[in-house]
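Listed next: structures, encoded as C-alpha cells.
One chain, chain A, appears in both complexes that follow, with chain B as partner in the first and chain C in the second.
Up next is the complex of A and B:
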C-alpha cells in the first residue's frame, strides 16, 4: 500500500519535472553558446584595449568617428537593397515553381533552384569575381556584341557585392515563399473567383497578404545573414567601402582590439534586434 | 603591466572568469583537436602548412606537427591567451611584433649558438625587434618587400621605378592596393620622402593625402588572394604593396608579373619564429626552428605553396630557377634601398588604422 502511495505521489512530481528535463538541453545549449559568450563580449566591450577598467569609450568611438558610422550606413543600404531585390526576384520564381511547374517535377525543379547552395560560399564568391571581372564573361559578351566599347567596372563594386548576396538569398527566399505558397489552400482563390475577382485582384488581395508571413520570415533571415556577412563584401566589394563586419574584423587582425570589436558587434546586434522587433510587430498586426 | 591592473578590477575579474569558462568549454568540446603533448604544436602563417615543408621534419623526427593558421598578430596572441599554458610550442610572428609577445611573457629565449645567425642576410636579423633585453626571442625566417608589383606587358617598366606612377593619371583604374595598413602607409611615407622608422603623429595628414591619392587611382583594395587574383586576371596592372610574395608564386603561369624597388625605396617585411616559454616540448621546438632555418627548410619555406618569399638564410638550397624568380642575386642592392617596416607604438598604430579606415571609406 505504501509503495503504491509513493508511486502516486511521485508521478505528479515526475510530471512536473519532465518539461524541465526536456528543455534543459536547449537551455544549457543557449547558456553555453549564447548567454555566456554574449556576456563575455558585453563585458569586453566595456573595457579599454590596454586592459584598463570600465569605459564606454568603445561605444562613443562608434558615434564620433565618421568612418565607423559610415560603415553602418553602408551596411544598412546594402542590406536593404539586397533584401528588396531578393524578394522581388524570389517571389515570382517561387510562384512559378509552386503554381506553374507540374506537381511531379516540382521536387526536381526546387532541387535545381537551390543547387548553388551545394557549392562553397567562398568559391561561389570568387566565381562571381571572375564572371564580373574586366575580362569576365559579362564584359566579354557586352563588348563582343557592341553594347559597350570599353569593359564596365562590375567587379570590386557595391554592385558586385549586391549581386553575390542576391544570388545566395534568392535561393533562401524561394524556399520560404515556396513553402508558404504550397500551404495556401486553393479554395481561397476559388472563393475570390466566385466573388468576381480577376487573377490580378486575387493575387493582390488574397494570395499576397496570405504569403506575407513567408516573405517576412525570408526577408528577416536575409537581413540578419546579409548585415553580418564578412566574406561577400570582402571578396566582391574590393574594399572600396567598408561594411560593419569588415570594420569589426579590422579591429582584431593586427591590433587585437577585442573591446572595440565587441562594442561594434553589439551595436550591429542591436540593429538586428530592432529589425526583428519591427518585423515581429508587423507580423502580429497582419495575423490580427 | 596590464595583467596586474586587471587583477584588481572587478569587471576584469568577471570577464576573465567568463573567458576562462568559454575557453574551458571550447577545450572540452574540441578535445579531439587539442594537440597531444608528444606532438609539436605550431601557430603559423599559411606558408608553414605546406606538407612539402612539414613532412621531411616529421619523418626525420618521428613527430606530428599540428598547425593552426592565423592572420594578424592580434588574432594570434588572442589564440594563445585563450589556450592553456603549454598548448603551443612555436609561433610565426611579424618580426616587429616579437616584443609584444615578450612583453606578455610568452616567449623563451633562443640559443644564438645553435642557430645559423652567421649565414643570414645581416639586414634581416632585425635585432632591434628580435632581441629584447639582450636575449634573442625570435629569428627571422623569411622576408621580402612591400613595393610595386606589376604586369610588365601592360605597363612601362621604367614608370615602375618611381612611386609617382602610383598616383599618375596614366594608370588610373589600373591599380590595386594591398589591404594592410602598415606596409602601404610605409610606402606612402617613402613617396613623400619620409623615413618609415621615424614616422610620428605629425606626419599623418601628409600620409593621409598620399593614401587618398592612391585610393583615387585604385580599382580595389584587396587582401592577399584578392590582390593576387586582380593582378593575375588582368583586372589591374599594378599592385601597391606587392612584391615577390605575389609575383614569384605565379611566375610559371604568368611570367609577365614582376616587381620593382623604386628609387624612393621599398618596405622590408619579415617574419620570425619564436618558441613559447611554457612549451612542454622545447627540445623538439628548437629542432623545428633549426630545421626551418636549415638550407633545406629555408628552400622549402621560401617556395611554399601559399606564398613565396626570400629565405633569411643565404645558404638556402634553392635551385637556380627559384633563385632567378626570387631575384636572389639582386638582394644586396634591394636590401640597401629597403626601409624598415613601420613599427608604431600602440597609440600611433590605432591612429594609423583609423586613417586607413578613412581611406577605405573615401569615395
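Up next is the complex of A and C:
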C-alpha cells in the first residue's frame, strides 16, 4: 500500500475534487440503500405493529414466546449439523482432488465438482425434492431392491433440509479447502518426511494444522450463509419445524408485521455477529 | 497400503461426485419426461415440457425481466465498483480504510436482511414494489463484489502505465478511458459476469421487492405451489444452462487474464 500512497502524493494535478467524485457514487449508494435501510429496520423493530410510540415489545416477544425461541434453537442445531457434516465430507474430497488427481486434470475435476453450485437456490432445492419425494428416485430404488417395504418419509423433514444444505456447502468448502491445500508448500511435507514422519503423522501434525485456518474460514462462511437462508428449509423442510428465516418471512407474508420481522432479523444478525466475534481470532480473512 | 489409499480415494471421490450430481441429473432427466409426473419410471424423451415453458408467457416474461434486471444492475454495480476502486487505489483519501470497509460491508450481511431493510425503507418512503426496487437491491449485493475484485487487481505496473500517460500530457478522463479501462478489462468483465450470475439466481430480494412483474426465480417459486411438475424441471434446466454459460464465460476471462 505504501507505493500507492507515494504515487497518490506525486499527483498534485489531480486536486481534491476528482478522487471524491470517483468514490462518492459508490459510497452514496451504500449509505442510501444499505445503511439507511438498516437504520430504518432498526427503528421499525422498536415500534409496535398497531402503531404507537417506541417499545421493546418485539424483542421481549422473542424472548418470551417459546415457539420463537424454538425457531432459533432449530436454526442453530441445523446450522451446526450442516457445518460439521459438510466439513467432514468436503475435506477428504478436496484432499483427493489436490493430492491424488493428476495435476493436469485437477482444474477440470474441480470445475466439475462445483458445477451444480451455480444453479439457483430454488432450482437446487426443488431438485432435491424430486430425489427425496415419496415416490421419488431414492424411495423407488430402496423399495425396488427390497431394503424397505414402504417408502420412507424423506421430504418435508429436517433430514431433507440438511441434505439440501450439505449438498451446497460441500461444493463451497471443497473450493476453499482445495485452495488451501494447494497453497501449502511441498517443503513442509518433505521436512516432515526427512524427520522420519510417515504419511499419517505428516498429515495429522503438519498438513491438518496448517489448513485449519482455511477450514475455519470456510466453516464460518457456511454458518453465515446457512443460518440466513430461507429457501432450502422452506422447500425441503416444509412447515413441520420452522427455522429463523422462515419465521421472519412468515411475519411479512401472513401478517404484514414489519416491526416484528425487523426485530427477528436483527436478532438473527446479532447471533451471526456473536459467532463472528467468538471465532474472530481464527478468521484472518486477508484483505487486498 | 498406497494402493488401498488409491482405491479408497477413487471410491470416495466417485461417491461425492454422485451426491453432487444426483439432483442435477434427476432434474434434467425428468425434464424430458413424456408423462405428467417427474418421478420414475422415465417415459421420455420428450420436449413437450420445454414447449410448455416457452409458450407460457408468465415464464418467458419473467425470463426477460431477469435478464433485464441482471444486466442493468450488473452494469451499475460494475461502474460504481470500478470508479470507486480506481479512486481508492490511485489517490490518498482521508479515512480510506474505513470507507473501503463501508463499501464491502454488505458482503457480510445475508440477502434476507438486505431485502428486509429495503422493504421497510421503501414501505415507509412509499416506493412501490417493482423490478426497479429489486434491481436496486441487486446493486447493493454486487457492488461490494465488483469493488473487491477490481480493487484487488489494481497493481503497481498499471499505475506506471497511467503515470506515463499523464507525463505525456493526457488529461484524467483520457487516462481513464484509454489506459485504465482497457488494462483492467479482465477484472471488469469478471466482476460483471459474477454479478450477472448472482443477480440471475437471486431469489429472496426479488421475492420481497417485486409484485406482479417479477424475476424468473420468483416465478419458479410460484410454480412450486403446484407440486412436482416436469414443467418446473424444464424451466429449472434452462436456468441451469444459462448459469453454466455465464460461469464458462467467467472462467474464460479469468484464463485469458492468467495467460496475459
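One rule holds in what follows: the second predicted complex is superposed on the first by the 247 of 288 C-alpha atoms of A that agree within 3 Å, B and C clash if a C-alpha of one lies under 4 Å from a C-alpha of the other, contacts with A are read in each partner's own complex, and residues count from 1 in each chain.
One rule holds for everything that comes next: contacts are C-beta pairs under 8 Å (C-beta built on N, C-alpha and C of every residue); 3 or more make two chains touch, one makes a residue touch a chain.
Because the structure is a prediction, the values reported are computed rather than measured.
**Q** With both complexes overlaid on chain A, does A:183 touch chain B (first), chain C (second), both or neither?
**A** neither
**Q** Quick one: is A:116 in contact with chain B, with chain C, with both, or with neither? Answer first, second, both or neither.
**A** Second partner only.
**Q** For A:18, select first, second, both or neither according to whether it touches chain B, chain C, the two together, or no partner.
**A** Touch status of A:18: second partner only.
**Q** Of the two partner chains, chain B (first) and chain C (second), which one does A:37 touch, if any: first, second, both, or neither?
**A** In the superposition, A:37 touches chain B and chain C alike.
**Q** Which partner, once the models are overlaid, touches more of chain A's residues, chain C or chain B?
**A** Touching more of chain A: C.
**Q** Quick check on the superposed pair: does A:93 touch chain B, chain C, both, or neither? Answer first, second, both or neither.
**A** It touches chain C, and chain B stays clear.
**Q** Tell me the contact category for A:235 with respect to chain B and chain C: first, second, both or neither.
**A** Touch partners of A:235: chain B and chain C.
**Q** Quick one: is A:129 in contact with chain B, with chain C, with both, or with neither? Answer first, second, both or neither.
**A** A:129 sits against chain B and chain C alike.
**Q** With the two complexes superposed on chain A, say which partner A:153 touches: chain B (first), chain C (second), both, or neither.
**A** First partner only.
**Q** Which partner does A:252 reach: the first (chain B), the second (chain C), both, or neither?
**A** both
**Q** Starting from the residues of chain A touching chain B, keep only those that also touch chain C in the other complex, and list them.
**A** Touching chain B and chain C on chain A: residues 36-37, 40, 44, 126, 129-130, 133, 135, 235, 252, 258.
**Q** Can you list the chain A residues touching chain C in their complex?
**A** Listed in rising order, the residues of chain A that touch chain C are 3-5, 7-11, 13-14, 18-23, 25-27, 29-31, 33-38, 40-41, 44, 89, 92-93, 96-97, 100-101, 111-113, 115-116, 118-124, 126-131, 133, 135-137, 140, 167, 170-171, 224-225, 227-231, 235, 245, 248-249, 252, 258, 261-262, 265, 268-269, 272, 276, 288.
**Q** Please output the residues of chain A touching chain B within their complex, sorted ascending.
**A** Per the stated touch rule, the residues are 32, 36-37, 39-40, 43-44, 46-47, 49-54, 65-68, 70-71, 74, 126, 129-130, 133-135, 153, 155-156, 234-235, 238-242, 247, 250, 252-258.
**Q** Can you check the complex and tell me which residues of chain C touch chain A?
**A** 5-6, 9-10, 12-13, 16-17, 19-24, 26-27, 30, 38-40, 80-81, 83-84, 86-93, 99, 102-103, 105-106, 108-114, 116-121, 123-124, 136-137, 139-140, 143-144, 147-148, 151-152, 156, 159, 163, 166, 172, 197, 200-201, 203-204, 208, 217, 220-221, 224, 228, 232-233, 236, 239-240, 243-244, 246-247, 251
**Q** Chain A touches which residues of chain B in the complex?
**A** 2-3, 5-6, 9, 11-12, 14-15, 18-19, 21-22, 25, 71-75, 77-78, 173, 179-180, 182, 219-223, 226, 229-230, 233-235, 346, 349-350, 353-354, 357-358, 360-361, 363
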